[in-house]
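Presented sequentially are two complexes of chain A, the first with chain B as partner and the second with chain C.
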Partner chain A sequence: MKRRLFIKSVAGGTLATTLAGTEFLPRFLGGIENACAFSFTKQLSSKEARFYKRLESGGIECQICPRRCRVTDLERGYCGTRENRADKYYTLVYGFPCSANIDPIEKKPLFHFLPGARAFSLATAGCNVNCKFCQNWEISQMRPEQTDNFELSPQAAIDICIRERVPVIAYTYSEPVIFYEFMYDIAELGQKSGIKSVMITGGYIEPEPLKALLPQLDAVKVDLKAIREDYYRNIVGGQLKPVLDAIIQIKNSGAWLEIVYLVVPTLNDSEAEFRDLAHWIKNYIGIETPVHFSRFHPLYLLKNLPPTPQTTLERAYEICRAEGLEYVYLGNLPGHRAESTYCPKCGKILIERRGYQILQKNIERNLCRFCRKVVPGIF
Partner chain B sequence: MPESRAGYILMKRQAFFLGLFSVGAQVLILREVLATLNGRELFIGITLFAWLLAVALGSFWRGNEKRGLRLKTLFLAGSLLLLIVLLAIRFAPQLLGLIPGEVIPLGKALLISTLAIFPVGFVSGALFPAITAEGYKPAAAVAEVYLFEGWGAFVGGAAVTAFLSLSVTGLSIAIIIASLTLTFMVVKKLNLWLQSAIVLVCALFVIIAIPELEWKIEKIKYAPTEVIDSFETPYGKQAIIRNAENISLITDNLRETTFPDRSAAEYSLITPLLYNPEGNSFLYVGRGDFLFSELADSLPSLKIVCLDPRAKLEEIGSQLFGRPSNLTVINDDPIAFFSRRDLVSRFDYAVINIGETETYLGNRLLTASFLSQLRTALNPKGVVLLNTPYDSDRHISDEKGRALAVIYNSIRASFPYVTFWPGETTLFFASADSVINIPAAEIIRRTEELGFSTAFVNRGFLEDRLQSLKIARLNQALQTDNAINQVEKPSLVQRGAVFQAQTERFARVMVTILLERPYAAILAAAMFIVLYLTALIRRHRRRNFALILYFVAGFASLSLELVSFYLFQSSAGALYSDLGLLVGVFMLGLALGTYLALRSASDSLSIPSIMLLILASGLLLLTYDSILPKYALYYHLLFLFTVALGTGSLFVAATGRYYYGRAHANRGIGYGVEILGSSVGAILPLTVLLPIIGVDCILVSILSVLLCGALGAYLTR
Partner chain C sequence: MTDQTISIVYDSMSRVVVVRSERPSEAKSPSVGVFMTMLEVGLNELTGMVQVTDAIKKYIPPGVIGLKVNCLTRQYNSTSVALVEALIALLVRNGRDENDIIIWDRTSNELDGAGFKLNLSSFGVRAFGTDVSRFGYSREIYSSGEVNSLVSRILTEEIKSLINLPVLKDHSIAGLSGGLKNLYGVINNPNKYHDSNCDPFAAQVLGIAPVKEKLKLTIIDAFRIQYNGGPGFDSRYLTEYGGIILSDDPVAADTVALQILEHLRAAHNLPSLEKSGRPVRYLATAERLKYGTADVKNIQLNVKTMDSQGALHEGSLF
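The block that comes next holds the complex of A and B.
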């Protein structure tokens, strides 16, 4: 077992006396240190997984996500985080995240959910798809023994939020569906302590586990990666239909929902796709659902594609607005007017943003300060 | 001797064309592999290894066939295969099912680098026995064939370099070589005038039709993106593509920069100003004209100098983006630029945007010695920024941490003050002055005094980016490795490759075996010692030790050739264009060494041959780091020629020992052992050991092998 004390090294190096000295979040650092000592471990959990069935022919079928992995003894599912041990299915990442940060909620992005709030963001290794553009491939495409994990119980996660006065926990970076049990237990505890839970997901999850989870969640951001099945097949390594079904289920559950569409040049950036997306949103989840078009930055296996042109994003924006969607945003274009929220009725600015900063806020208890139109979301 | 004068002339001509075709094809394929596989020179060793294997197999196959394929057929097949292979490499990503913009994973890159050269190598190998067998007495013809093959190889290699300097593309050169070979070797019945006319027509065809064909190929390759231009420079293959308003510069199949890219432009141009707000002279190592054109006007008091040797890109850049009045471009190689002692301008800021760290071409700008030179070009409060592509915002893997640590250590070896920013790209700032030591809050405050609105370098982003937690995490990662990147030992090449390999399971395993646990080196060394001792103590020592000499000849020649390529690339950076000349001169030396040794008929050549190799390697070890870039080409040409002379004569000496009195014997064993030595030399020193033990240790190891060879040759004389 490898143990490295995270904080010890802060004392070393020129930087410690300069940048670290500013301490934007000094207490958070201490909080985490106390909670989990940030000592990394290769230990894996042995918590029984939920949503699986034993097969008559032997082995197990995992029922968390549409992959429905069939796993024989001592094998793992596609995501690498669940293992069959003598026909009992275990999650290996429960209580062992590999990444923890405090992010602005705008970074997720969630624009209609507690604007300006900070979110304690957690992730474990593993993912149930393999997007060729993944920003977090170093944890999402790894098995838990390949990442530096640290021990953090659900209660410890909540304690950090309380101590550091962080109102939100975000399950993010990799795919929270694969650390379902861990997320579920933290969210359940969080509800009791007034800490809100948001899931940042690809939405590749089966209806049953989603149904059980949604009451614990306050908001969900779904990365709808495309509106074409072949894109999901070739670029994501998954299927579109279950994601669309999950989005509708989330919407119907009452949890706050926002959609992000990463516009990847030449792969999912045609006008027809933007139009189909707008139609689908209008028909199935409503024009008041916020939609973010994010700028692609070349990463992982798609390093040779250029970043998304601004005009392409603006075309997506115009098409969706013309189709009647009320809250359309452009992401990773700081300073662009489409970063801000406008009242669909009076057209005045409701929340002015610049990057992660909130410059002005004209919403009072979900109402436009100017025309009193109800603005959907949790403010 | 040939049976008639006409036969003698024909044999010389065939040997000449064999050399010309082989080296021309080998160099063109190597360049195409480099340009397709992102300029990663690590693949040169692997491709050469595949070439040797293919040549050996081809030679073995044709040598054992009583009535094998005729010379004519072989030349025809080789010429056609060369063209097919070059196109196949260019379209390899598509043929392997990758989508546009997808990087070639290491596993597939290995496949391309080994398979691509195989067909032509096989034919090339088959040509040699075919020439010596067709109508002549093999043993007597061998020396002449070697010599004329060497001349052909020299002409082939030099012609490739010369054509490239005239902006003739690789595909065009391949067509010229194929047409020459076909005209003179296949349609032999025509007279010289007609043959010359055919070649001329082919050359005209190349001039008129090939640019159009190349253009179509590029359009297909980059579809659906529009191709604005595509051409070759001495440093690699360029394409400029456009998607809506985005213009991207592609170098060796890899996106180098995009215009506009506000985030990259701000982080490169504005962040150093925050540490030294008083300065005004700015040096950007790379294509700053592509990156800064949208931003330079916002900072009129800044005098921006961009340093990049690819002059043609300057021309295109100013056509595409216009040229801000405060931006100038110096068309010079950065290493050559800083090696000049008459450097008068001093800068307040210097920026290097780090691209791929797995290439020697990119790596040479991140060595401690280059950074020290950069320091001398700075004013006392000057600030250097190294902008790395490594994301340290949310988590830092072990592999990434180690790559970052090597960069950090290398800067610290040259600058007393170093600081860093975590984020989606990790930034390192360094200075000889304590201007670097300011708190993050002050940095953020200074963004508000810039006098214009920034999109990324501002309070909103920096408060997130410069959180204590993220800084602490990065700081911890920077303690995980203590290697310093140097020309002598390019540790960053290895760390970068190990990090990139994490994207793919196969690559992860391969890299772990090859780079992290170099068992292959230990195994090779152990095997050599066992075979060496066995050869010394067995009966017929003189004859048996010849096999060791074969191995030494093969090992020394390939490993020294590749070390020379590496050092040349690290110094001059123009391996892409000068590879032909370097290989050609090496082949000429090899042929001349063989020829002279065969003619001398002395039976005690092994010791002088090895001594020549020892002398050349020793001199390389002592002098390689003191050669100015402008002399690097001549230096390495001389070195390669000398090594090749020694190797050629050692090969003959070994043959004389092993086949003494058996002039007509099948030389498969000797040749096979030499190929084995060459293969070890092609793979082990440069691909595996260089980043681990460094050039000096590699040269010392090669010298040790040579000394063992000399000692053994003496004991068994």
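The block that comes next holds the complex of A and C.
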């Protein structure tokens, strides 16, 4: 049965939401103004997936991510969103997101990419890893039939951006690699309409699909969850090496890149790890790459741990700055001075932030307004 | 022993009963009556009790009974509707209320496809999938070793006891798809637990609290066995075995099922599951976790064969 969701605008731009016949709060389309009407649906897509091969022994091998799932008839890959039907592989989530909001780009976080811009943010169910700290596990760890989805074609997504004057689409919340085909087609359409695309990802993707995708993207934020292989194995359920390779590939592509490192108490918060992370960034993607250390809050399977102490985050900040990284930020600490961007040359404030708000901006055409140092990014 | 104190004790010799039918006319589509006889024999042999009523009472406490079937391949090779109807008839004949029986699987669509008549009302034997919106999955995450999952609310809230009714078949990753693998159908994220040939995950699912508490009996539908190319349906590898496997020890039931599967593979000149790169290690893991017996030396196996006249004989597994 379909349930209608209506979102209406009110004077002054704040939102009123009417969820006719449902008790659902607007996880869907929050922040979207003007009349929009969408229907929840139980329907799943049957669009053939990209990047898989049929195996001689029967079944298919998915080649989207390094898991390389071998999937036989009627089975799904690890992500739960791709299904083998008679040795043809299908994505079940194409055009059926479960989450859509308009967020500030700072929420992604992307700090050197159109500061202050709004981003139409989309996600489907599913993920190709299973981080024990996942903040969005209620969608990322679900199969698409277990989430409330609505139908949204790539063109409809672009139309929303145009109508709402939103310059950016963000593929985010869960893991866009698992809705690759949907993301790709939206991004391709977006390019033709001047809508920029940003991917918020764990970076667990194979080189070939990434190579094909990158020309469609303007920016990528990668959650580098640790700099230790065992953390990826035990806490993330993936591998570090392919993520590092993907980050380098993204950097070399010219797409704007920022890194987030969620600091989880006792698991990836040693000074040695912060130092190794700084060395790796310096050696492989450059000191000008923004790095965000983000505060962990106990969720999902790590409720036993405390939130990250502020002092730990500040230590990470100090180590990375001492190692020469130029743009280091602390996240989930509203009001902290390390939310803001400072000129590495003159030390003056370039962008002052409080939470997701921009309080002042002192960058003119990628230059520091005070000392004229080039500030990397897309401003 | 009172109903309240009934629980499965795994630390002694485990009993498994296999009942086979030699009725050629029934081979392809056994009747409810044949299955009822097989179930009666199986339950009596398993418990050593003469009356089926007592056998049922031994395993199944009062309250709603969930029959977890496997309908992945829908009409092709799912848990036999006749077997389930026979079990229900037996339960009802022996004092259980049909309003207290739920046939369930992951989705109503799969159940319907397998031939089960959906019933979402409050009356009669009910049949529906976890995907029905008023059920769905628990809010609570249940953890057991590396398995962290939401669990079907049919299991957590609707039923008091669980009878697992899987189909015995080959599985492209797990090697064996039997009782333990069928329990993947009670969690929301089975796709996360197929690495390493489902080891240790298929074993750890038995440790999920509601499974551990409510699983009372495993009855494996081994009438038609797909010995290769599973879990999807592939008629090239389907053979008639004509049996059901019963045990209150889910690991022992699967261990016997594995012997049958390996025998059929060898008989059809197929390599063992181990040699096919699909070793079934999760049964040994389940034994290490004390969820049951995977060592055949510690399984008391009793095979009965029902001939074409309906007479019972001692039978052989192969």
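The rule is simple: the second predicted complex is superposed on the first by the 343 of 379 C-alpha atoms of A that agree within 3 Å, B and C clash if a C-alpha of one lies under 4 Å from a C-alpha of the other, contacts with A are read in each partner's own complex, and residues count from 1 in each chain.
What we mean here is this: contacts are C-beta pairs under 8 Å (C-beta built on N, C-alpha and C of every residue); 3 or more make two chains touch, one makes a residue touch a chain.
Please read these numbers as outputs of a predicted model, since none were measured by experiment.
Of the two partner chains placed by superposition, chain B and chain C are both touched by A:301.
By the touch criterion stated above, A:245 is placed in contact with neither chain B nor chain C. In the superposition on chain A, contact is made by A:107 with chain B only, not with chain C. When both complexes are overlaid on chain A, the residue A:323 reaches neither chain B nor chain C.
Applying the stated contact rule after C-alpha superposition, one finds that A:61 touches neither chain B nor chain C.
Applying the stated contact rule after C-alpha superposition, one finds that A:335 touches chain B and leaves chain C untouched. Comparing chain B with chain C, the partner in contact with more residues of chain A is B. Looking at the shared chain after the overlay, A:309 reaches chain B, while chain C stays out of its contact range. Across the two superposed structures, the residue set of chain A contacted by chain B and also by chain C is 132, 141-142, 300-301. Chain B contributes residues 99-103, 105, 224-225, 241, 243-246, 248, 250, 253-255, 258, 261, 391, 393-395, 397-398, 400, 417-421, 424, 436-441, 443, 453, 455-456, 458-461, 463-464, 466-473, 475-476, 478-479, 502-503 to its touches with chain A in the complex.
Here chain C touches chain A in the complex through residues 72-73, 107, 131, 136-137, 141, 143, 148, 172-173, 188-189, 191-192, 194-195, 229-234, going by the rule given at the top. By the touch rule above, chain A contacts chain B in their complex via residues 4, 6-7, 9-10, 12-26, 28-29, 32, 98-99, 101-104, 107, 121, 123, 132, 135-139, 141-142, 147-148, 173, 234-235, 265-267, 297-312, 333-335, 354-357.
Residue ranges on chain A touching chain C, taken from their complex, read 58-59, 69-70, 72-80, 84, 130, 132, 141-143, 145-146, 237, 300-301.
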